[in-house]
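You will see two complexes here that share chain A, one where it goes with chain B and one where it goes with chain C.
Up next, the complex of A and B:
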């Protein structure tokens, strides 16, 4: 792969917002995951995503000013560049949660691999570190998709989730990255995606987003300018 | 759900020690969870992940010591004198 021009700050924000919001949504499973081991594992994945968000925000802050915290929590809800896929509230439905997890991780792996080739040495270095953790996320997502696909009931739940979330997943990546994503999904998931689907693109927000933003920023807004 | 026992090796070459156990539906999940619980903070060089049912356990008494055979025990007699004599014979007496 040839080296890539550094992404603009708003592209870094898109990556950071995706990781922050997904980490937040995944953390809604803490305490109520299907069994104890999974509770620990999924909570840990949520935490890792938020750690990646922080690192991306820090890079974005070089250009935009502010800090990771101000970028993460002091923007208006309409200013976030998170993709609708990560904003959906899926808690209580493990099949859909795993469908999102596996679709997101497959797309994210493609994005991160490309960032490693960036001309921006800080970003390339960060992408390399992130990739080491994301490899575990992909492994975790794939093993769950495989596990669900083993039984009729699990398979039905997984497929229902993949069907529903497919247009949202397409909105994560564009162009050549989307082509690779289609190939990876075809290879790794028991899912025949519909050929003509209108992606739910980044820039729109789902209905549940306002409520999540409110909760996410609540404490920080309760003490404007507070030092923590 | 099957239980797996996890053994950790802290540094290369050291013996593996029991770290704990976990429940997982199959080997793949056990692998993922063991990495998460025992390898996440770079605290282990290697892990052994063993289905509990594969572990053979024996308990006391291993072999009942019904006769007095204390000569079998290494603490049963002193070799100090014999060793001294042997060293003198070999002309390498020390201490």
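Up next, the complex of A and C:
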């Protein structure tokens, strides 16, 4: 495989913002998931995603200055590079949540695998580490997609979510990565026939983003410069 | 004896081996395999550390505990977090694995030679119950109380137990 130049800081920020925002959204299931095992699972996944965000922010901070915390919480909402896919508030709708989970994890696995080939040894090592942890997220997402697809009701709900979120998921990956994503989706979700739509690329934020940003940064803004 | 003369990598390793993991105190940080290298130069002691799970809240505490231990020995600590050569559960020592099992945590299986752990591996793999040694166990939840653990159930002694994830 060919090596690549170290991604620019804004690419690291995009990765970090995706993981931070998704981790935040996943944590909204804590205490209200359909059953206890899923309270635990989504809470644990949220924790891991935020850990990955922190690691990416730390690498970005080497180029941009500041710390993981300042990058995560001191930017204006319009400065975030997160994908609309992770910003959507899906809590209370399990079918759409699993649709996002499986689409995100399949696309993210492709991004992370490519980062392992980076010339930057720290980034390549980090990607290898993240890939091992994310493998459990992929398993969990696949398990749930398969489980929902087993019943008529579950399949209908999952497919409604997949159809709706597909343009956002396409926006996570471009070029050869997108080709790979289409192949992986066809293999892993054989019951889903993606609609022909234009991808929604990152850059635009969804309506729910402002409220999430407000909540996410509230404590830090309440005590500027505070230390915990 | 001067402080500098007393500071050797061996002494530092011995002292670090006394630090319990903050979340699973039956195992030390050295048995966990997170201490990758110790270098002593005069009073300066460099400890290379690789994080377990990136979302683990104990990572900062581990670094603080190691730095404090080096200071106790009279050294000036420099705990370096390395990401270029990531930690894997294969680095847990045989002693560490035995201690985990004694405390009721099933130690991790080996990493696959190629690629990542698959769902079928943890659903069908011969994971051994730490209480009764039976391999008649099933996966209850991929996720557990901390990022490093899954939940399994032993069909033989009917006891749930925590399984270290393989990473």
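Just so it is clear, the second predicted complex is superposed on the first by the 221 of 228 C-alpha atoms of A that agree within 3 Å, B and C clash if a C-alpha of one lies under 4 Å from a C-alpha of the other, contacts with A are read in each partner's own complex, and residues count from 1 in each chain.
Everything that follows uses one rule, which is that contacts are C-beta pairs under 8 Å (C-beta built on N, C-alpha and C of every residue); 3 or more make two chains touch, one makes a residue touch a chain.
Computed from a predicted structure; not experimentally measured.
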{"item": "Touching partner for A:193 - first (chain B), second (chain C), both, neither", "value": "neither"}
{"item": "Touched partner set for A:73, first chain B, second chain C, both or neither", "value": "neither"}
{"item": "Touching partner for A:55 - first (chain B), second (chain C), both, neither", "value": "second"}
{"item": "Which of chain B and chain C A:122 touches, first, second, both or neither", "value": "second"}
{"item": "Partner chain in contact with A:47 - chain B first, chain C second, else both or neither", "value": "second"}
{"item": "Which of chain B and chain C A:140 touches, first, second, both or neither", "value": "both"}
{"item": "Which superposed partner A:132 touches (first chain B, second chain C, both, neither)", "value": "second"}
{"item": "Between chain B and chain C, more extensive residue contact with chain A", "value": "C"}
{"item": "Doubly contacted chain A residues - partners chain C and chain B", "value": "37, 40-41, 44, 136, 139-140, 143"}
{"item": "Complex contacts: residues of chain A adjacent to chain B", "value": "35-37, 40-41, 44, 136, 139-140, 143, 146-147"}
{"item": "Chain C-facing residues of chain A, complex", "value": "37, 40-41, 43-45, 47-52, 54-55, 121-122, 124-126, 128-133, 135-136, 138-140, 142-143"}
{"item": "Residue numbers on chain C that touch chain A, as the complex places them", "value": "51, 53-57, 82-88, 116-119, 122, 140-147, 151, 165, 167"}
{"item": "List of chain B residues in touch with chain A within their complex", "value": "1, 22-26, 28-29, 32-33, 35-37, 40"}
